[in-house]
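Chain IDs A, B and C follow the sequence of writing; residue 1 opens each chain.
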């Protein structure tokens, strides 16, 4: 299976062209849109989101992950293999958390170049053909060279910030709920929130936090829009209170 | 064919994860996104929309229908078979109109539970695997118990309210056009609208109603956005004038 | 491959129903969403967008192109074959630029009608079944009559207007970059923009134009939203300065 994690959106031409390439390169292999609205141009919050959601897929999955504000600049195109999953995309920090959490990691710089490489759309021209080849062959295509990806050792293991706001207005943090101390409360926007198990356990209108279905601490309001109510955006700080 | 009717949106992680599950459970079976923006958290208007659009699909279709504000609470997961179509989702009124209009109806409570059931995403963890199994086998999986779904007998057969606003700003009502008296006019937002056959039969800027391509009475403006012009939202009242 | 170019959106019922028809008519043939947000109801800018993006696909591709504000009126349903690609949709100018740029063009009026033809959704009822038949058979289905499509000879070869705004706020023009004089600057919204090769070659916040990945001149701001900054919309004029 090939999984797309991008900021390309679905309605415009970008994801469709990527899928057309995948359809030719890896015919018959299912392609799943995981995120088409990952934090636009922001590799850091996207890295925590990718790490939390990527591991939900079985080993062997190929994740085409493109948050690439520096397309056309010097950043390298890379392949990262961690926990048996393959990640393909730009070497700009997007794979930092995946690499840090995987038991074993290997990485390569992609040296292959297509005949026609646009300046602005490596997702279609470079990353998609490589992802398709890996998905079809179950292994690395030639023309990649083992290398270390750039590391961002000053990034925390869990990010105390909002990393994604979903269509219901729920605000995901970069914190894994399982790593938080028992009884932890989260302070955001001058409110202190306690943990609940489900939306329906909380009175309507009341903000709370809970462990979302992929393990992240997420801020929500039963029958309301937390991000609007609390004025949260990607990058808003979250403080952990014991 | 498996048809998705949800309020999950397409760009975030929810529909993608549901499709990943379906791809594993029912490989090779086409999955179609019917609505990913059905009325968020509102089972009642969604029930009229689902009934109008579900019957467009041929018998044997499996409709995975998840508008589930009470996820994690006591509402049951159910399977409804009506008119040869299978519906899978929460027992919260979403299937009331489907059941009422079908010549024959059977229903089951799903008793199977996955090994890992998140508190907030039964669409992925519970309903999708069941829908996939039905789609693959053409019959009911084990571990479901024949039951009556909860009935909402006070809901009308046709709902005189706006139930959906589409991307053109057209406002669908919960009224079947074929059930309206000949020459009926619809009053909304202090305007009285007459029926037209097509957009192009009406002067630009003029609001009217017409029978949409799935049989619902829909309020529109030629070359305009009816919902914006008339300030309509889901739940806005519609009055039938003879 | 069948490629969708429409203003239907993806989340509501329109694209899903089209895909359900294609799945029945042309089972197993990949369907790609190229644009679901092409200029709503505006055949002229859409014609330049379609011409620029259609040629990226290999010969043999079937493009189902539906921008159809006159649905239900007298405009004809047509098939255009140009450069080995098949285009199916309404005869309202949408195929003018495709036809003008192709070395050889053939066109037909679709005379076949489905048993049930809704007044407002020919994309689903008429165009999709025809596109599916062409995709499956690799040739024209019966019941179409060779004809000339309506021509719009007063439209320019390249349109000096904004034709599309993408999710990053970049504004595509209807101008092919390769047709512009060397060193050309583009004037929009009282600003004069010079050309850059990539986003990262320009200081953050600075507007510029570049050749996008499908050959159109596109107006952008590094790390910003050009359409918002410059107040551009579909139809905004662009002037070419030498």
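Just so it is clear, a residue touches a chain if its C-beta (ideal position, glycine included) is under 8 Å from a C-beta of that chain, and two chains touch if they have at least 3 such contacts.
If you're wondering where the values come from, they're calculated on a predicted model, not measured in any experiment.
Because chain A and chain C carry the same sequence, their contact can be compared by residue number, and under half of the numbers here are used by both. The best fit of Cα atoms from chain A onto chain B calls for a rotation angle of 120°, in steps of 5.
Centres computed as Cα averages put chain A at a distance of 31 Å from chain C.
For chain C, residues touching at least two other chains, in rising order: 9-10. Within the complex formed with chain C, the residues of chain B that make contact are 1, 3, 9-10, 30, 32-37, 53, 56-57, 164, 166-168, 197-201, 210-214, 223. Only residues 7-17, 19-20, 23, 27, 40-41, 69-73, 118-121, 124-125 of chain B touch chain A when the two sit together in their complex.
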